[in-house]
Every structure is written in structure tokens, then in C-alpha cells.
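Lettered A, B, C and D in written order, each chain numbered from 1.
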Amino acid sequence: MSLVAAGCGSSGNSSSTSTPAAAGSTSTAAAAPTGKKIKVGLVTDIGGLNDRSFNALANKGLGDAESQLGIDGRVLTSKSNADYVPNLSTLAQQKYDLVIGVGFLMADAMGKVAKKYPGTKFAIIDVDQTSLKGKPANVEGLLFKEEEGGYLAGYLAALYAKDHKMTTISSVGGQKIPPVDHYIAGYQAGAKAADPGIKTLNGYSQDFVDQSKCKELALGQIGQGSGIVFQVAGQCGLGALDAAKSKGKLGIGVDADQAYLGSHILTSATKKVDVAVFDTIKEVQAGGFKAGTNTTFDLKTNGVGIGKVSAAGTKYQAQIDKVAKDIVAGTITVPDTVK
Amino acid sequence: MTAPTPSDHRGPAATRLLRHLSVGGAVAPLITTIVAFFVGGLVVLATGKDPLTTYKAIFDGTGLNWLLPWSGDRALAATNLQQTLINTGPLILCGLAVAYAFRAGLFNIGAQGQYTMGTIAAVYAGSSWAGLPGWLHVVLAMAVAALAGAAWAGIAGALRASTGANEVITTIMLNYTALWIGVYLFGLGGPLQANDQPDVPVSNDIVGGAKLPVFWGDKDLQGLHVGIFVAVLAAGIFWVVLNRSRLGYEARAVGFSPPAARSAGIGVGRTYVVTMAICGLFAGLAGSLDILGWQFHLATNDISASQVGFLGIAVALLGRNTAIGTCFAALLFGALSQGTSVRNLDPAVFQPELAQNLTTVIQGLVVLLVSADVLLASVWRRRRARAGGGGAAAAPPTPTTLGSVSP
Amino acid sequence: MTPPALQLSAITKRFGAVAANDGVDFELRRGEIHALLGENGAGKSTLMNIVYGMLTPDAGEIRVGGEPVTIGSPRQAMKLGIGMVFQHFMLVDVMTVAENVVLGAEPTKGALLDSRAAVARVRELAGRHGLSVDPDAVVEDITVGQQQRVEILRALDRGADILVLDEPTAVLTAQETAELMTVLRGLRDKGTSIVFISHKLSEVRAIADRVTVLRRGRTVGTVEVAGPNPPDEAELARLMVGRDVLLRVEKAACRPAAPLLDVRDLEADDDRGLRAVDGVSFDVRGGEIVAIAGVDGNGQRELVEAVCDLRAPVAGKVTVGGKDVTGRGARHARDCGLGHIAEDRQRSGLVLDFTLSENLALRDVDRRTRFGLLSPRRMLARATDLLAEFDVRGGGPQAAARSLSGGNQQKVVIAREIAAGPRVLVAAQPTRGLDVGAIEFVHRRLVAERDAGRAILLLSLELDEVRNLADRILVIFEGRIVGELPPTATEEQLGLLMLGGGGATSARASAA
Amino acid sequence: MSARAASAACAAPAATAGWAGILAGVLALFVALPPLTVRSDALVVVLGALALAAGAAALRGGERKLGGAAILAGLLGAGLGYGAAHTATGGLEAAVSWGALGGATLRFACPLIFAALGGLVSERSGVVNIALEGMMLMGAFFAAYGADKTGSWVLGILIGMLAGAALAAVHAVFAISVRSDQIVSGTALNFVALGLTGYMYVDVYGADGTPNDLPQVPEVHLPTSSLGFAGNSIDDQNLLVWVSLVMVVAVWVFVFRTRAGLRMRSVGENPRAAETVGISVQRTRYLAVIASGALAALGGAFLSIGSVHSFTQNMTAGKGFIALAALIFGRWRPFGLLAATLLFGFSSALAQRLPQLTPGAENVATLLQALPYVLTLVAVAGVIGRSIPPKADGVPYKREG
């Protein structure tokens, strides 16, 4: 069986949290279940739990919190968009202390439900709280500076490419939506910073599920000379990494640390949804919920970063660490829109 | 002339069974459903769970236990029932869209595409014309959606009428064409993509006045909108049109015998077009219910995720293509999808993800058994024809008839 | 003495309650042409389907060459040397002649078909038996007569020495019929035993050595026709029908009024785009019955369809009561006063799954509505009246049309068409497949409608019917009207015209 | 039928003109694209005009279809060529790299070829197979499952094919023996397959998905990359892609050149006729339907263990229906459906690449995804010559008596 960064109850063998830029994450710090027994519900979007990145990570965060913080967790997957409102409101009705919505597609439903249940604490990943209708005060937006992780990944890719006489690197997006474009913008900026002469390709598969579509896009890019493919398309993107593998090129994973896929994974641009979920739960347990605002997870807070760097990239570790420091220090500003 | 070679000879036991199956038309679908659930139960059993507990849990999740006043959590049951009925409305309409075609001898696999065109039209109409009075806006949006569905289905009807193109193939193709049109319209940079969210592949929200009134439950939390009444009303209209109007009469005549209809002066081609258009009206209306009732906008992935039109095929078949049967079949399928949702089905009883797939299997089995059951009904009819006296010579078998199995 | 090629004893075959064959005996000698004669539904085809293994008899014995056999499938039949030429050809239209002939016994070369060998085999066989046909032609492109040859060739290819032909001349032109006769005689002379199913007396007398007559599933008797004292047609007919056949319809003298149906220079194509009606002109006056006589397949069907606007004519004009109905659609024609008793009542006359009341409303459903909706009560009431008036038995207005006997079904059709009060009534083979009582009813009704002043166009393949009913007879041959005869014309006169003979002298009839 | 069409095509000079016109139209676009990338309008326009002239000549010679096609090709070729000549070369090279497009076309086409061949075998015997989608899905899941459990992709493929054949056998029972409406039972089996594979997937693999070390069908590496775009298209294709192409030939030989194929066709055209010459309609149809399930499953197996090396729920996503479309578009003929699948594959490949050509209006390219369906609509409507199914296709058969 695979080493998978997700799965109910299989939270022990976490491998996603070692980043070169900073020390271990908060989630590994706690040892034994402590604290108040609160009830936390998680509602996924229609991608399902086995997307191996986004929903899976959120689920893992909840699992970590169950085992380490001793909370009661429940996950509701959504089969269709008709499930969002009922899923969220069911949890609220059942007096869950915290209800977390995963994903961008749930913004509308979250706005409505949160307004109806002002006594329940809500958090929503990837959505700016201020963009919700009526700006409900009991919602915390959990945002990520995906572009910072993308930047590091792009920087590393370009360094590697330059040394290996590759002229081009590329990225495969699922759909042209903000969380995806943040990654790609950072990736391209990082690459140009490392090697201004490098060519970057980008394409969207219009799909987050069908792997063959991403695989084709990636093969096309490899055909145009791309030596490294960065996937930003959830489950579909696994096809892009598969393309890189079968063509003897390198791939860069997304969201979770996808190094387990093999040695062709140069690194992963990580977005620690699990950390965000875990931290938010911990906060609520401690009585410190930041309602009505956003919490941004960035390189500084170790909310984004890059995953395990493969053997091929270890020699650039020092350079990457320096860039990471510069970003944290604010000397490098990373753009978040694709030009 | 060929000699009379009637082909059916059955013992009295089989006859009795067939009679039972055919009485009132309700027994056979019930048996079909029970068999399908029985098979589903075996699957549950095979996984080491208790089928009865599982089905009880699914039943509770449907909210139908609300009808049993002594049941536990009334509020939860009410919410569940609202969601079940929200599912049911469009399912009724899509079922009618398939059933009406069946009655005219056409197989409308295109309810999904007609539904999609309905949602697109509804979202367009609902998000435009903000100045209209509410009731007018709702009615107009529903009308536009129904017409869009009708036009889309009419293509298949027109192709059948003018070139004989098989509507099964054309409607399948139209389904996918509708899907990509939707993805194009609401995708980034698409002509109908939301003005205020340039980064999201979604439509504009419909305006408040275009929303269907919610009469049970919280109107902000996807309470039950009046669409269910629209659907039931449509089923009534379906019955009237089919059984009491010239249109329906002609459609049935064409369905049973195109040459006889033609010979009687009924325009067969025209009937195909009109019939398909009526199907499209139903399916398009279904689309408008979802948009105006609870969804309020349409994202590209909503279009590809929707299955309601396909389920309409199963609904119509289980409902024997009748108005009342379609309503009950839609309720069954709507309830099943609600009852197996993760929030309602306790994973300790049965894993909801499995239950959802089990539901699909049960739906498939229902349709499969119905396909055999249609045969039984036909055999019964032929038998009765023969029993009517002297009818033997009246029914020379053709290769297409569904006669008996025994020589 | 050698045993007979084929001997059937006491063959019984039931379909439900009906016995299609009820203890039939039949004997086919070696090297004879043996006609199997009987009315429609007498059980001829059933018997031969049993011989060919398509049906299994419920009782009885079959001997081939003296040996008792059971024939469970066509394959077994072929092994026993039995070949069959079906009335509806068993050919695959999109394949070539050679492929059709060898189908089931294909020559192969290794794993592949050897089509060259197939063609050679067919060519050799065709040459040997004088059945000229192009082995490479695709079946759907050749004439019906040639298609029949393909069927015969296939039977011969399987080594058939018993050949069964089911009504082989029904679809042939006179020329083709003559050729077929020659071929069959040739085969007989080479030793093939032939069963020739027919209900045409003249044909039987011309070709057969012996005739066995079937009536209502039973053998009536076997007579020699090639011998010194051949029975005449009347005798055969009596055997066939079981009584004196001349069904005289009592009718008053014809009092023709003004023309109500006028057909001018009508041209129409058949389904394959070939010209089937080729410049037909005639008219029918009120108060007369005009019959169109001809061998099946000479454009009758297309003519009826063109007149009733069920088929778009290529050229020409049809008027009903002075109103042009050409190409305006069947409903318009009907609204102008055209009634149509369709040739095939089960296919196009009735919606078999509709109730009688629904069927009776087919023509004028728009007149049975109230507030735009159908009124089942009114439909039922009217149906009850009509069913009583036309003496339809076997079910009330709520019964499905399917449940009625053929005769009663036809009464429903006639009731519907006549109740609409048409000025012109087109009756296409109105008595096909009916029993004697029903035939009489139909005939009397048609005459009554004539006397009521309607113009009646009758198309029939039954010469007796034509001569009995018609006031004038038009003969159609290859899509043209080749002559007009009075009802007093003899069968020989009619037959000559129908086969294209003598038509050369007779101008295209355009009675007026 | 094929023989006649071919002879008609070769006979008349008008037909030659028609084909020449089509060629000129295609060339008009081709010269404007990489690698030639001619930047002048003149050549494009001249070629387009040639196509129009040839088309007109063909029309006058009575070749209506070919002439029309040539004129269409001329207009489209010249129009698109003109557009291409005025587009930045960078974008052009990104979007139109023939080698990659060719390769992608083959990969998109491969599962469709298998499934459409399956459909061909079934429908040529007279059984409509709308359950191709479900059979592919069975193949996709059980190939992955089998490969996982046995550790061998060969066994995986076999198990997948068996699963597809099993579903097909159910279809056969209902369609042939019970004489159900074939479309209804096919529709039902699509539901069953979707539910069954989904159920087993969740049950066996749960939230983790199929393992990463799933045995894979190997790729075939050919040293052809130096041979221009054609070589580039095929140098690195999955073994199953090659199998699918071989299968087209094999099925063609079977259907049109063997005894069993002739008999199968006769059953699909006129079952009663077949029976009268001693061919068992039932047996022929059973075998054909079951074979069709195995073939469609092979297409599914390509999707799971050939292409992306994992299984996901409903991963066929309507490909079975596209295969059905290709079958119709290809007029129930192996090479016809091959051409159709390649066209569909090409349009999918192009739809993915075109956005790079038109930054800012990427979305328009999504419309190209609808092309296979629209083309099929046009085909069944008879605009490009009527697509006529086998005569007994979809008609249940029963013996008399």
C-alpha cells in the first residue's frame, strides 16, 4: 500500500511536515490528547477525500486533532453542490463547536449558514472572510500564500533546469481560479528570479479529477521542451506527474508532500491545510477563535513551503533556504496573479 | 400470405402470474423494486453489515420518518424531508421528460442535456431583468428555461422527423454538447461568467425576485421551495395532455403504430418534433427549479456533476411512464440519494460512500428488471389478445414481436 | 417402387387454441412438381415451415426418402436435401449474390473466406441450371426475380433434391413467372422434387403434376393435373373453398353521377426511388365502383398511397370532389372527403394497442374534443353506436383492437372510414385474409356505399372480387393502366391484360 | 457497401477533383502552421482558391458529397490558415507541435478504438450496445484491481477483460434471451457498472486510492523520433495503443474476411435468413456481445493501468458514449471508426492546446471539446452521407413456433 498523506485514523506516519525552511510543524509538537473535548465538523467539497491533496489534507488535520487534542471529529463529504448547505447546517444544528468548510466552492453556502447559526464557530479554507455575503462575524477565513511555496518550487526548478541544460519548465493547472493561480504565479516568478532566461509554460486542464487530461497537457509541455512539470490540479494533476515520470522528467507536487510518488518528484509546493485545520481547532479548544477575520498561512508561519527535496535537488538546498529567508523577511515580494 | 403462426402458448400458471403482474400496473414495479432492494441487501450482508439496520438508517435519513409522528428528531426529519423533496421535484420532471417520449415510441436519453439548457436559460433569465416584479420574473424565468429545454430536445425530434436519425444517438450527443456549451458560457472569459467574480467560473447570481418562494424550512438554508408543487402539477398536466388532448392522443397513436397514425392523417414527423419539444419543456423546467429554488447560480462544475436527467430514465421506467408512477419513482430515488448522504447515514451502520454506490447499483437493477418486465407485460397483452377469440389469425408474428419463449 | 421423396403423415401443429395443421397428409414423389393449394390461412406455409425445420410439429411423422426423420432446424433440413424458397426472401440485402448463396457453407482458404471460390461456385451452378445472375452484384440492387433465383441457387448449392417454393409467383412479373416455370421444369427433369405452394388456380394447372388441396388445416385431397383428365378450375376451387365459390353480390344497376375522384397523369416512385406509378389517369364517379386489377407489385400500393397523399407524387394531380389534394398531406385529403380502407389493417389501418373507441376517433379526433380536450365519454358513446351499426363483435368500445378477429378489425376500419362520410372511398384489398362471412359483409357494405352515391376505388388481387364488385375494371401493369374492361369480362381477358399481353393494342385507359 | 463506395470514388474524374480539392484545402491550413509557418497570405489564399475550384468541378461532375467537402475544406483551410498566418509564431509553435498532437491524438483515441470495436462486433450481430461505457468502466477497475492483486499487468488486463465480458454476458441474457429493449437494458447496466465499480473501489481502496506501485502496461519505445512528426507521434506509445491499432485490422479481417464474420453480419442484417441457412442467431449474438464486452474492457484497462496508472470512480467519464458516436460516425466499419476516433482524439488534443494560441480567450477552445458530438449529430443526420446501421440492429429475435 502506498504512503499516503491522508486517511482517517492513519495519522501517525505523517511525512508532510518537514520543510527545509523552518523547524517541525506545530502539529507534531503535541504528544498526548489533552484539553477540552470539543466537537469539530469538516465539510469537504465534491472532490472527495481521496484527492490525495486538498480534502485529504484537511481530513488529516482533523485526524491529528482527534488523536492529539482529544476532540470529537466528523467529516461530511459532499456528493453534489446541493449537499453544502445541508452538510454545514446539520453540523451547526448538532451543536458542533467548530465547523470547517474546505474550499472555495463552499463560499456561498458558508455565508448563508454562518448567518443562521451565529453561535457556532465556522472556518473556511481558501475563502476570504470579507468576501462572504454579509461578512458574518463568526467565520474565520483560512488563507494561504500559495505563491510563496510556488516561488520556492519555481526557484529550485529553474536552478536545476539551468544546470541540466533545460530551457523550459511548466505548470499544469486544474482551472483558472485564485488558489491555483497563486501557485503558478509564484512558480513562474521564482523561476525567472533564479534564471531570467528560462521559459515557462502553463496550461489548464479544466478538470480536477480526470488524470488523463492533465497527463496529456503535461506530455504536450514536455514535447515543447519542458523538463520539470508542476501540477496544480489535485487528483487530475497526478496524471501530469505520471507524464513526467514516464518521460524521464521531473515533477513537482502540490498541496501535500507528494515525494512518496517516487524519485521523479523534485519537491512539492505544500499548502499545509492540515496544519491550518489543526491550528484552528487548537485555537478554538483554547478559547481563542479569531472570528470575523482571516488567518493567513504563509512561509513565516510555516503554513506553506516546499516538501521533501529529492536527491537531485539537495545541492541547491542552501540557495533555497536563503530565498525562503528573504521572503519571510519581506525582501522578496511574490506576485499572486498569473500574467 | 403466411399461414397464421401465432407464437404463444403458456400454461395457466404463467397466465395467472402475468395477470397479477399486470393488474393496475402497480404490482410489477413494486416487485421490481423489492427484488432490487433484496439484491442490494445481499450486497450489504456480504460486507458483514445488517441489511435491515442499514435500510432503516437510510430510511430515517430520507426524512420520510417525519410522516411517522412518533419518530425521534422531528426537526432533523423535517430538514431531511425538505432535502428529499428538493431532489424529488426535478426528478419528477426529468422522469416525465423521458416518459412522454416513451409514450410516443421515442427514447429520450437527452433529459440531462435538456435539463442543462434549462439551468442555463434559468440562470440567464434570473440574473437579468432585475426590474421585473418578482412573480413575473419567476414565471418568466421558468418559461424561458422550459422553452430552452424544448428547443434543445426539438433538435432531436426534428432530426428524427427529417432524416430518421435515431433519437437515442442524437440526444446523447446533445447532452454532451449542452455540457460544453455550459462550460464555455460560464468559464473564465465566457460570455455569461459572473461580472463581480472575474476569477471564478460561475454565473451571476439570480436576483432575489427570481427566487422561488420557500414554504417549509429556512429560506436561507435550502428550505423546501414551491418547485415540488410545480413538478406535481406538471405530472397532472402530463396526464391531461397524454390522455385528454389531441396532441397526446396523436403521440400515443404514433408511439403504438407510426404507419397507422400516418394513414389516419396524423403527421408523424410533426408529432416527433412536438413530442420531443414537450419532453424538453419538462426537463428544462426541472433545470429552472434547481436554479430558482436553491442553487441561484451555476458553476461549470455544477453542470458536469449533475446526474438528474440520467436518473430521469430510471424514474420513468420504474414509474411505467405514467404520471403517478413517475411521481412515486422520483420520490423513491430522491429519498435514496438523501438517505445515503454522509450526514445522515452513520458510518458505524454502513459506510455512506458505499451506500451511495449501492444506490446506483439498485437503480441499475431496477431498470434492468423493468426492461424484462416490459416484456412480460407485452406477452400478457398478446395472450389476452388471443384469448379474445379468433385473434390468433390476427397476429402474425414479426421478428420484432415479443412473443413467448416456449415453442 | 422407390419410396416418395417426402412423406408427411398426420402432421398436427397448434398455436394456442388454433390448429394450423390438423392431421395433414402429404406425399411428394421423386421428380414431380407438386402444388400445395389452399386459401390464405389454410396451413400451407405452416406445413412447409415444419418440413424445413423452422417449426416443430406437435404430432405426426415425416419421412424423407422413406426414412422417418425429425427435422429440428433448417440445418438438418438441408442435410436431408430439403431446400426452401421463402415468399419473403431470406437474403441479406447488403451482401453480394455469391455471399448470400454460400452463406452457411462458405468456402475458406486457411482461416479466411475464399470469395473467389464462392463466385466460381455460384457461376458454375447458375450456368448449370440456367439461372443467370451476377454473383458479384449486391442483392439490394437486383430485381425481385433475380433475388428469387439467388434463393433457388442457395437451395441447390446445399444439394437440395427437394425444393419447396412458397408462393413464388406472388411478386413476379409475367415475364419472370414464365422464366421461373421454365427453370422449375428443368429442375424437375433433372430429378428434383418440387413443392409449389400457391392459391392461384391457373398457375397450378399450368405447372403442377399433382395438386394437394388444404382447407382449414386439413388435407382435402390430392388430384393429378398432368394426367389425361385434369380437373378444371372450378373443381379445384370447390376443393379449396369447400363449396361453390362464385360469391355473387346482389347489386342494382350502376347509376354513375359526376366524377368525385379525378387522377391525372399521376407519377410516383417506390421506396427505392424507382418509378412505380407511371402516368396514371382515371376518374371515379359518384355511385360507381371502379376496380384496379393487376398482379401484385405492379404499382398498386404506390398508386393508393399517392392518391391518399401518403406518398408524395412525382408528378400529376389528384382531386377529390373538385378540390386539389395533391401533396397537401393525408389529413387534408381526408378533410376533403377521402376515405381509405388501408391495405394492411394491422399495420396501417388500426392502432392495435388502442381501444376501439380510440381507433374509431383516429380520423377525426379534433371533432371529439370539448374545451380542446378529448371527451372519453363522447368517444365511447359514438363508438358504442358505430360498433352496433357495423355489427362488430368480440369486444366493446373499451377493448383493445388487438383483441379482435381479423374480420371484426376490418369492420372497425370500415366503420371509421364510412362514418366520416367520405365522398370517395379507397378500398385496398379490403377482404384480404377474411373468412367468408366477413367477406360478404364487406362486399355488401361497399355496394351499399356505392348506392349511397359515394365514389369507390377498389384495389384487389382477387379477380372474383373485382368482377363481382366493380362497375368498371382498370388493369394496371408495370405502373400503367393498360386497359379498361367491363365486369363481364372473362378471367382470360383480364389475365391477359394483367400479364401485359394485349395491352399493346389497348390505349391507356382514361375513362371519362 | 465498402466495395461500391470505393469503386465510385476511384471511377470518376470528378471524384479525383473532389479529393484534390480537399487536399488543397488542408494544405492551405497546413502551410501556415509549424514547421512550415509560411507568413504570407498569398500561398494560403491560392491553395484555398484551388480547393474551391476543384470542389466546384467535382460538384459539376456530380460528386455532391466530395465537392461539398472540398469547398468546405477550402473555406475552412483558407480561413484558418489566414488566421494562423496572422498569429504570433510563438503561440503557434506552442499550440501546434505536430508530433505531440499526433501522440496525444493516438492516446485519446486508443480507449475509444477498443470500445468502438466492441460496439462494432455487437451491433454487427444485431445487438445495440449502449452499455459500452459500463463495460469500459468494469475493465478499468478490474484491470487495476487484478494488476494490484496479482502483481502482473498481463493478468490485470485479462481480469479486466473478463469483468467486461461478464457485464456483457448479462446484457446478452437480457437483450437476446429475455428480449428486453436493448437500450433499456444497456442503460441499466451502465448504472450497475458505475455503482459496482464505485462500491468495490471504496470498499477495497477506501480513501487512499489505488496504490502507486500498480503494475503498468509498458510503453513501447521506438527509435523514430528523428523521423519528423510522424515518428515523434509514435516513438513512445503505450503497448495498448499499438494493440488497438492491430485490433482494428484484426476486427476488419474477422468481420469482412472470415466465415464467422460473414455469418455474424448476416445475423445482424437478417437473422431469419441466417437461421434458414442453419446459423444459430442466439449463439452468434451471445458470442458477439460477450466479445464486445471484452474489447470495451480493454479500452477501460488502457485508461487505468495503461495511461494514468490508477483507478478513480467513473473514470471513463462518458468515453463509452463517444465510442458509440465514433462507431456511428465510422458507419459501423473498422477503418471508418478508426478515422472517427482519430478525429475525435485530434479535436480533444487540439482543444487542450488551443488556449495557448489565444491568451485571454482560452475559454473559446473549450467549445472544441463538443466537436465529436456535433460531428456525430451531423453524421447521423445524414449531412455527410447517411450512416445506416445493420438492419436488425436492436431488434430482438425469436424463432417461430
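To be clear about the criterion, a residue touches a chain if its C-beta (ideal position, glycine included) is under 8 Å from a C-beta of that chain, and two chains touch if they have at least 3 such contacts.
This is a predicted model, so every value here is computed, not measured.
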item	value
Between B-C and A-D, the pair with more C-beta contacts	B-C
Centre distance in Å when chain A and chain D are each reduced to the mean of their C-alpha atoms	38
Whole-Å gap separating chain C and chain D, where each centre is the average of the chain's CA atoms	46
Whole-Å gap separating chain B and chain D, where each centre is the average of the chain's CA atoms	30
Chain D residues counted as touching two or more neighbouring chains	272, 362, 366, 399-401
Shared-contact residues (touching 2 or more other chains) in chain B	5, 7, 183, 187-188, 353, 356, 407
Shared interface positions of chain C, touching two or more other chains	15, 49, 55-56
Contacting chain pairs - touch in the sense defined above	A-B, A-D, B-C, B-D, C-D
Interfacial residue positions of chain C with respect to chain B in the complex	14-18, 20, 40-47, 49, 55-56, 87-88, 167, 308, 310, 329-335, 340, 342, 344, 346-354, 358, 361-363, 365-366, 369, 372-374, 376, 394-395, 399-400, 402-409, 432-433
Chain B-touching residues of chain A, taken from the complex the two chains share	46, 75-83, 85-87, 89-91, 93, 104-105, 108, 112-113, 115-116, 175-178, 181, 206, 208
In the complex, chain D residues that touch chain C	1, 4, 253, 257-259, 261-263, 265-266, 269-270, 272-279, 391, 399-401
Parts of chain D lying in touch with chain A, wherever the complex brings them together	93-94, 97, 99-100, 103-104, 107-108, 205-209, 211-213, 219, 232, 236, 303, 307-310, 312, 315, 317, 348-349, 352-353, 355-356, 362, 366
In the complex, chain D residues that touch chain B	130, 170, 174, 177-181, 183-185, 187-196, 198-199, 202-203, 271-272, 318, 321-322, 324-325, 328, 360-364, 366-367, 369-370, 372-374, 376-377, 380-382, 386, 389, 392, 395-401
